[in-house]
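The chains carry the letters A, B, C and D, assigned in the order they are written, with residues numbered from 1 in each.
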Amino acid sequence: MTISEILLEAEFKTPVVRVQKTVTKHLNKGSVEGMIVVMKSGATAEEISAMALRVESLGLKAHIIKGTERTVIAAVGEKRETTKEALAAGAGVAEILPILAPYKVASKEVKPEPTIITAGSLVVGGNAVGMIGGPCSVESEEQLMEAARAVKAAGGTGLRGGAFKPRTSPYSFQGMKEEGLKILANAREETGLAVVTEVLATEDVDLVASYADVLQIGARNMQNYRLLEAVGNTECAVMLKRGASATMDEFLLAAEYIMNEGNARVMLCERGIRTFESHTRFTLPLASVTYLKDKTHLPIVIDPSHGTGHAYLVPDMAVAAVAIGADALIIEMHPRPEEAMSDGYQSLTPEQFQDTMDRCRTIANAIGKQM
Amino acid sequence: MTISEILLEAEFKTPVVRVQKTVTKHLNKGSVEGMIVVMKSGATAEEISAMALRVESLGLKAHIIKGTERTVIAAVGEKRETTKEALAAGAGVAEILPILAPYKVASKEVKPEPTIITAGSLVVGGNAVGMIGGPCSVESEEQLMEAARAVKAAGGTGLRGGAFKPRTSPYSFQGMKEEGLKILANAREETGLAVVTEVLATEDVDLVASYADVLQIGARNMQNYRLLEAVGNTECAVMLKRGASATMDEFLLAAEYIMNEGNARVMLCERGIRTFESHTRFTLPLASVTYLKDKTHLPIVIDPSHGTGHAYLVPDMAVAAVAIGADALIIEMHPRPEEAMSDGYQSLTPEQFQDTMDRCRTIANAIGKQM
Amino acid sequence: MTISEILLEAEFKTPVVRVQKTVTKHLNKGSVEGMIVVMKSGATAEEISAMALRVESLGLKAHIIKGTERTVIAAVGEKRETTKEALAAGAGVAEILPILAPYKVASKEVKPEPTIITAGSLVVGGNAVGMIGGPCSVESEEQLMEAARAVKAAGGTGLRGGAFKPRTSPYSFQGMKEEGLKILANAREETGLAVVTEVLATEDVDLVASYADVLQIGARNMQNYRLLEAVGNTECAVMLKRGASATMDEFLLAAEYIMNEGNARVMLCERGIRTFESHTRFTLPLASVTYLKDKTHLPIVIDPSHGTGHAYLVPDMAVAAVAIGADALIIEMHPRPEEAMSDGYQSLTPEQFQDTMDRCRTIANAIGKQM
Amino acid sequence: MTISEILLEAEFKTPVVRVQKTVTKHLNKGSVEGMIVVMKSGATAEEISAMALRVESLGLKAHIIKGTERTVIAAVGEKRETTKEALAAGAGVAEILPILAPYKVASKEVKPEPTIITAGSLVVGGNAVGMIGGPCSVESEEQLMEAARAVKAAGGTGLRGGAFKPRTSPYSFQGMKEEGLKILANAREETGLAVVTEVLATEDVDLVASYADVLQIGARNMQNYRLLEAVGNTECAVMLKRGASATMDEFLLAAEYIMNEGNARVMLCERGIRTFESHTRFTLPLASVTYLKDKTHLPIVIDPSHGTGHAYLVPDMAVAAVAIGADALIIEMHPRPEEAMSDGYQSLTPEQFQDTMDRCRTIANAIGKQM
């Protein structure tokens, strides 16, 4: 596939495309550099692809990003004296700007317009608020189908459910694995809901990606860099959960790991941080939404279930998350929370989920969004 | 004043009245007990006052709480075998229930109906969302009047401004003291806004209370118990700010210190906790609103200015706070934030404050509240 | 008393003396400045006192600090263009250096030699490791005397015991107050141990100071600035406990509040910070000792009792504290911990206290210190 | 290999041996159970192996643990009414006790005697204090050999050095990979030091294990369960680092994941937790040593380099760690810290390392240990 073809396809699929994997990772400390090559508004596809090749020929990685008003090429790689000049000489170049943030392709400097990610029926970003519901774990065909129908009936757009479960104890239920994935796929077939499910290990990425619409990277794996690279090499959208004690820079650099492999369809999920507070399982800082929207073009998902750890706190936090501008919510719901094999205490019933959806929709509408 | 007179007045002024200060604080460890004496729905004022006297005669403190449907007397004091029987024998008693929470008068067990506090033009609790705006410190007559007019114009109901300032460094500006209080009073006279201002020390309580509508206890003084007792002995409403590392029980027990002295007009202000996050000054956990409303009848105020520490994060967090059900907001606003003597980086301009008010009002209306 | 007299006395009593209280606290933001006036090695007492007067005449506060090799005068006050020149012109001046830290008199820049504080039999700082033991609260003459004798027998040098107790709940035992202070004084008379006891409120400072050798400011009051100023105006040594979520700058600036009033006999007590850890009451960061000794000349005390919250963790942490160079330890010990009215679960028995002392002494001796 | 043979070998190699991998992980919530089958003191090898087979025949996993005074078999698996009876009927059984902790094989209930792990020249646990030194990353043959010689000269017993580096940014130096491992092996050949190096991914485990004496699991991978299982299936000793916000139960359950696969040679490394403190990179809670020794038989390593993040704080914390009873230290040292490709600011120079060793040895000797 030529760069131009990639470029053309990129317009319809994903706004960031990595052209080639040529850049070594054996860089010296502090020697990395990011630059934004801003193309003129009338630049042709040929000029853009020629520019991308020029970037790669200088030993840098080229990420072509097509915004609504301008196309830019993010060039990231080893720092050299002559790079800027060599790039500025290309045809169709308007200007060359440095990327100041430690993360490059994830930075809003590179792409001021918010990114919208579509994965099956789920749209995250833009004017719509996505709602992903479902149980912590897939436990059986019956349990999951019941949950999926309740999500659909309430107006949800995504279905969550863990088939591979990361559990604190080796003796806890570890998930139904591929059997669970098949059940999720069946539920998608019936309800049309997009499937969001976690992948735990590089060796499972292909398998899970063959069933999922969105690959979830859990909080414990936020800095499992090999896994990030592995999902960065799929075509699948990714939901990256913030580690319980990750800083914002660490979070965005984890997203950069995925994007650096060529997969730009990353949504960031704030799910709460570990603090001294014990009346909630984690502390959910909603200010993260505003902070992240100031720094990155990636869409933001809020998880009020893990973020609070108690079902009675979930609906109110969901409502507040919509008010502050979250692009989607992911909420645990179980047909019978008291029988759940994991996380029952933080799962809503189908009725509570429906009611939460209704309350969230009221807020979304009040601020000019759809849900 | 007789108990009956206090009772009658209580209906109009404040829902919790302490009758007498007879209970020693020299209690043994673990020996305290709280009970709710629920009066029959037709109980007369005489029966109620007789019951309060009976409580006090047993060496317990009596707090009469008049709800919309029932009157109860919270009886708190040293645990004894015979107390429950002795109370149950009183005329007009429907039942005697234990208070399970460590805090007693602040507990929702004692008063399921939310408390509404009115302090001048400011109403906190119930269907209205209070909006308190103004500078961190009173710096001059001009500065404060300009701020006050902007708050009023935007539709705010309370005016904040520190005259006594607790500062991390002994060399920082410590406030204009009584001169500042006079300026605040002048602003109230012109705008009608209720004055909310901090008191730092027991020796200043009478002075500050003579000017303020609401006495603020700052986060650093949340466990300055003598100060809590001192404001508990005034007629003034109190805004108690949560300490930066206080647990919820510590927070509610600090309120209990104030209420135990007879002042039930306490509003609780969540202003953020100290965590590892460094992109915000503090981490503002909005789930506190839902948690607290589950445990106490006292109204909840949110301070997004200290809770985030950056002006650009304040409006969004204010909006989310209204969505989750906060009873009031307290927001720092300065005519010229860049010239502020303290906290300029987290102060809104008058225009931003107006815009925030408008956005909050949209949310408030969407959920059936006024602002 | 003349400056020279103060100066002479200072050599024997305390290394930092404030001469006069002339500096207004109504300073503008950021305008404070600290300078170190280094006197020549042969400077006479007259030259030093003349220099101090010159500092004060410029509207600055003068703190005379007599080190082993040089005398310096810390000059703190409002920033002005001409100050440095005016000071440099004084007789006996070697050089003028800026104080870069936000705290001034507490900074090691002003006084590189460690400060040694002697309060009765207790010596904190230098080559000796102080050991302060005793119960959380004074509960009775018998209880305290028993504890005091055990401290003495084990080789302790200070006796702790709370007469005024800050308690989370208004219904908990609040201390024996003056009766408790008298018991402490009796114990000192019998055993010779220095009395360390907490003061909670400005109105009690004179009373407590009349009985105590060391006034303790508790963690909850670390930023109760009026209280800091009040103890800063006594002759009594002060043990300032770090607030549970105070930063190091906040901690040192709290010490500065006390020293700025003229009392330089401040020891800093690390007693643990609030973190997500729940298997200990607080998290005790021993690295604070090394950090603080790098920044300040004040001596450092470690409180492993509050710092861990469990008796079984106290001895090991005490030993580690001695190894890292703490100048003193303060440890809760109760004749019968299971009967204690407060903090029994973290109190050692007399036998455990003795054993801990022996283990600490082994370490102290190994690193060339006495205990 | 028969169970008896495994048993015999176990006495010389490792005190805990898993016999067979027969137990499914698809357990229901809460249904796991652990029991300790205590064998009579005179139980024969045949009786023990017969008992292990009986445990496995009941669908439980058997871990044979040979203590100095008794042999026990930890039996872990799905809870059933009849298990205890069926086990009690075996020959040579003294008693059956439940394991109360959530972790089973790691628990001190199962093995009260401390575990000693020998890996090449490194002994961790018991009366010796291990000292592992070396650079953050292997950067070149010269750099590493220089570091290794300095470790050896100072009396260290292990050599650290990362060949696979987990880096926050995808653009940072990711390590020399197998080339780095070869350099480490060369250094071992010359100096005799045991090699401690990190493994990042399941696919690298065999490669790294073929060079390393101790496989390090980094803090970011503490809950990368597949990786834990992978190292659990090697013969290599493992150093498991605590996650920056892991609770103690999570830490011990992560060790349990490794041990559950049959590898009992796990050392636990406390390397600091994330708190609000910003003057240190992490907060290093030394009380973890005492806590862990109360709960587990596994040896404890302290990492003062990551635990503080500043070279000037490392020596003092190392000394305190020895005093509190750490079984080993792991310290970053670089021939020229200012040229290090990673973590230079927290690396000691060879001279500082030597000095730290000397100070630690003094403390170790004072408490009756060797170093």
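Throughout what follows, a residue touches a chain if its C-beta (ideal position, glycine included) is under 8 Å from a C-beta of that chain, and two chains touch if they have at least 3 such contacts.
Just so you know, these numbers come straight off a predicted model, no measurement behind them.
Of all chains, the one whose mean C-alpha position sits at the greatest distance from that of chain D is B.
Contact count check for A-C and C-D (C-beta pairs in contact): higher for C-D.
With each centre defined as the average position of its C-alpha atoms, the distance from chain A to chain D rounds to 35 Å.
Centroids built from CA atoms put chain C at 51 Å from chain A. A straight line joining the Cα centres of chain C and chain D is 41 Å long. The set of chain C residues touching two or more other chains comprises 245, 273-276, 278.
The residues of chain A lying in touch with chain B in their complex are 245, 247-248, 273, 275-280, 283-287, 289-291, 294, 307-308, 312-313, 316-317, 319-325, 359, 362-363, 365-367. Chain B contributes residues 25-29, 32, 76, 102-104, 166-174, 176, 200-203, 220-221, 223-226, 243-245, 249-250, 253, 256-257, 260, 273-274, 340-342 to its touches with chain C in the complex. Those residues of chain D that touch chain B in the complex are listed here as 274-276, 278.
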